[in-house]
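Both complexes below contain subunit A, partnered by subunit B and then by subunit C.
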Partner chain A sequence: MPESIISQMSIIEIKNLTKSYRVYQKQEGMMASIRGLFRREYREVHAVRDISLNVEPGEFVAFLGPNGAGKTTTLKLLSGVINPDSGACQVMGYVPWERENEYRRRFALVMGQKNQLWWDLPAAESFRLNQHIYAVPVVDFNRTRDELCDMLDVTHLLGQPVRELSLGERMKMELIAALLHSPDVLFLDEPTIGLDVVAQHKIQQFLKAYQEDRKSTIVLTSHYMKDIQALCQRVIIIAQGAIYHDGSLDEIVDRFSGDKIVTLQIGGPDEAFEGLRALPNVIEVEPPRIKFRVGRDDVAKTLSDILSTHAVEDIVVEDPPLEEVIAKVFTDAQDAKSLGEFGTSAAEAR
Partner chain B sequence: MYASRWYDRATMWWTFFQISINERLVYRLDFVIGTLMRFLPTMTQIFLWWAIFDSISTPGSADSVAGPDGEIAGFSFGDMIAYYLLVIISRAFSSMPGLTTGIANQVRNGEVKKFLIQPVDMLGCLLVQRIAHKLVYYLIASLPFALVFWMAGSFFVNGWPPADVTFVFVVSLLLSFLLGFYLEACIGLISFWFLEVTSLTFIYMLLTFLLSGHMFPLELLPARPIDLRGFVEFLPFQYLAYFPAAVFLGKVQGPGMWNGLATEVIWVLTFMLLSRVLWKRGIKRYSGFGG
Partner chain C sequence: MLKAHDAKQIPQKSTGLPHEAGIAEQVMRKPSYLNVFLTFAKNSMIRDMSFRMNFILQCISSLSWAAMNYGLFKIIYQFSDSIGRRTGWGESEFFIFLGTIWIINSLIQTFFMANATEFSEMIRTGNLDFALLKPIDTQFLISFPRVNWAQLANAFLGLAVIIFYENELLHDPDKQMNFTIWSVPAFIFFVLCGTVVMYSVMITLAATSIWMGRNQNLHNFWFYITNFYRYPMEIYERGIGWALWGTFTFVIPILVVSNVPARVLAQPMGGHWGIWDWTLASISVVAAAGSLVASRWVFRMALKSYRSASS
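Moving on to the complex of A and B:
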């Protein structure tokens, strides 16, 4: 398909994508195991229900959601590892699960836990193989490899067998291996899982710089809010296999959290401070500081009340921590599900 | 355009081959030990046949099993030893340690996804990898093999066979490699349907032991009451061990030899095709079932 047509439409188009699969239900105990030999009971898992979304070229999108929400299933659908029950999807004009070589040369999928490097050999060997799998011209290959190794600071590790690398170093090598053919679309499944804070930060920085430089389209799933905060302009919250929210991080806070957190530092006598302990929703008291939660609409009034009666030295008003908001969103999504908002779920156990 | 694409693919496989060799050389010590151990079971078999031939040539013993010249099923003692040594060579080509379980593990732990995501063929990778491993093995094993065959030279009573027989012998060895590979690949690919293929592998191993001529020459299989000897002619197993050895020793000759070779080719093609079908169906099922 000519480039000009592709550039006019979304790079990823998903329409009403649905995927469910059966998992074998094993009951506890030996008798149940024996019964299972003759009659197997399956449970239908609706991994993805009727998801529709578009991603524009150059976007950095995060899929966010609790375990088993359908994030990874969506990435698997997008990379053609699995095919859907119904619905349509195009990435760069290709249907992923047709697995055309032209498509497969233009994207990459990195699964945090899975290892595509040769365990006993230096990473350089795996890179060389990927060069030939994707038919990357040698000049481009050398340039890209050196650039990426430089950015991630792993050039000195290229000659070491992969099994001797640390988890963080290995993840960096995995990323390089996936990027050597300069994919137009990159899918990252939990790229920082299990890494220490320093390595996490390094990989975030790298992804940010890489994306700004190449303008590639990246879809990422993660549990770590830090990843998402650092990288993604757009967050899609997936819960129970459906899209619960699609927008920026700030919108999430606005939409799902009605509160602000206020921290005051009080000057003057202790008795004055004691009066504040009676405020509703106090989070933390550490004289001369007090931290409490106030409804968004009441912030101005509450503050002016306090200011008129107390000698306030310092005021901080902030949004609640993102983790907390997201946790609330997840719980809300769960509740909405049990109320039947997601349709078929009641008949799930069959 | 097409020429360059072919060239790209060729260099890819060549690189894959080199890397497979490098990977194999990481474990060279393990390999040397494994090679030497291969001779151990054969030694016990040789001692067993030694005792058997010894007893039948002793006057007064029941000589109903032995032929007129102290032969069993047309094998003299020398033939028998030569047969077992040649079977080691056949098996060095046709045995595929770890292939079935390797495929099953890749399916179970999801590594097989790699071949859905990357533009590269799994069976091709496994084949090239296996060729590399075998070559490394021959490189290391050639010295002990040469030594043993030199020591056992006197058992090869008929000496080196004529050119056409040598040709069929070599070709049948190469084909036995392909047959072993595709046969075991097919069993491994069944793991798309049953995650656990250990028992299948075990059954396959037992059948190969008995019906390939690995344990004893197929001439020893009974023709009555069930014609097992005739039955194995319809199975692919004999090409994994018996056929090359029998060709070398002149037990299969003339038209029978060429027919055997042609049948071997057909078996190879059959399992090649079957492995393709299983792979296609397998990944279809795999991607239907949530990966």
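Moving on to the complex of A and C:
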């Protein structure tokens, strides 16, 4: 069976994973709160529904999706923090939610929204604590710590209490704390959230270098296209708790964007240029340049029409910006859901 | 189809990683619980020291609470020689009891109070996630991270009070004390039993936050329960008190765990241990072991229901 051979190789295997939450629905106002003491209405939130995927060793995969899509829940399931309702999952052969120590010694989870360092102490103390918890030999610990601090350029901050670090510096420390035991699998939940462009770039560079060096398997969630463009060969779009697309970034653009953006530079008299202003979907006119959007299939025809009537000096045809494409994908996914493609989302329960 | 692999075979499974040879060794490493605890203790100390004034004020406030407590009972003993007739709880005996209570309270407040509260808070905020990721016993990890060193002041005060009054008793010709080389280790052992019971009650209560979403009753509960366990059990032996006596001796044996260590040193009924003393001592040991096992069970059940919080 070729299927089982493939699954033998995968470092992460997820099969029909499903997780729902029951959320207390509180109505606004005092009376409603009092009613809520006696009779509560709950809503079923399907955070993850029937997700199946495999990740191979050494892959750098991105989970992409709007807020509340189920990315973080998936990472929490993978790290064994919560139990699923149904489905199976193995990471390096372990079932995450059994929380075996052997498994927990071999992966790490970093959450950009949360802090796991001791707030009032220098990061070095938290590192030391992790050394003892993960039982890392002193020599290995010192070497790894120095290497990582060097790569992220934070050696001089080791003695400073974490609460006095900037967000970017703290995030770097969080990463180091998570990597001290040299995990084989790394889960990153929005590691660059709230960081400035420079810090974001630094962390991207670090992750890229680290992954190339260690060949570790990394699953990342992020809202920043830049992160994903810079790091991940494979992008899994999750929307409404289900996988909407799985492939490379280029494939996403091909699949979800029907348009191209064309920029022309026109030579000759200004009158000739005027005719072009009437084109549909003009984005920007800045004589002698004009930028407009055109359907993928119409590019050739539109261009040959213009070329036959105008003196065109330069042509650029490009894909629309990735952010725009992704926004469209998210909206499409939302629409698909409301059409019932994903099944119903809310069920009343008591 | 996925099938359950035997986890033990995994280290040999090829993952294509460069440091493959190291995996088996990495997987087998066991953390030293002592080292982890010492790091917790050290980190807490560094933290306390960096907020110096806070530390000093905490010491002063808990010491003055103890001093007032002492003063109150000193006043009461101006009106009476003993609690009840023929109970044996004279002034010296009672202050040994009080010192014992201070030590147990102080141990709980030093090592567990802040942690149990924090655990409750971790559940609400979802920070328990991080504790669950670590390759170490989760109950251990959430029970010990913060050591509130300032609260230890009362334990020393309790010790001083005990030494002073034990000395009084030993030099009192009317008393027949039976103080041997075993008295001190026995006292320490039963104090620890008491601490374990109180810890278990506390951590069990904190774990219920997983089902309740929020549990801010810990401090209240601690106040209520310590109100009952900080007196010699004989004071309940009258009228409606018997109900409390029964409940806190056999159901939730908090009276036993405070009374047994105190009786080892105070010996209100003389130095000879009767069948009742042995019964109480046995209840104390069984309660410590039983409550610890029960707390672990509740803790595990609670973790199964943990649902984390929003990202």
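To be clear about the criterion, the second predicted complex is superposed on the first by the 337 of 350 C-alpha atoms of A that agree within 3 Å, B and C clash if a C-alpha of one lies under 4 Å from a C-alpha of the other, contacts with A are read in each partner's own complex, and residues count from 1 in each chain.
Basically, contacts are C-beta pairs under 8 Å (C-beta built on N, C-alpha and C of every residue); 3 or more make two chains touch, one makes a residue touch a chain.
Remember, predicted model here, so these are calculated numbers, not experimental data.
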Simultaneous placement of subunit C and subunit B on subunit A, clash or fit: clash
Partner chain in contact with A:G58 - subunit B first, subunit C second, else both or neither: second
Which superposed partner A:S182 touches (first subunit B, second subunit C, both, neither): second
Partner chain(s) touched by A:G93 [first = subunit B, second = subunit C, both, neither]: second
Partner chain in contact with A:Q265 - subunit B first, subunit C second, else both or neither: neither
Greater subunit A contact set [subunit C / subunit B]: C
Contacts of A:T18 with subunit B and subunit C, given as first, second, both or neither: neither
Contacts of A:R105 with subunit B and subunit C, given as first, second, both or neither: both
Intersection of the subunit A residues that touch subunit B with those that touch subunit C: 21, 76, 79-83, 99, 101, 104-105, 108-109, 111, 114, 116, 118, 120-121, 125, 128-129, 132-135, 161
Subunit A - residues contacting subunit B, complex: 19, 21-22, 45, 47, 73, 76, 79-83, 97, 99, 101, 104-105, 108-109, 111, 114, 116, 118, 120-121, 125-126, 128-129, 131-135, 161
Of subunit A, residues touching subunit C in the complex: 4, 7, 11, 13, 15, 21, 57-58, 72, 76, 79-83, 88, 90, 92-95, 99-106, 108-109, 111, 113-114, 116, 118, 120-121, 125, 128-129, 132-136, 161, 181-182, 184, 189-190, 214-216
Contact footprint of subunit A on subunit B as seen in their complex: 5, 8, 11-12, 15-16, 19, 22-23, 26-27, 110-111, 113-114, 116-120, 286-291
Subunit A-facing residues of subunit C, complex: 1-2, 4-5, 7, 9-10, 13, 15-19, 23, 26-32, 35-36, 39-40, 42-43, 46-47, 50-51, 126-127, 129-130, 132-136, 138, 141, 304, 306-308, 310-311
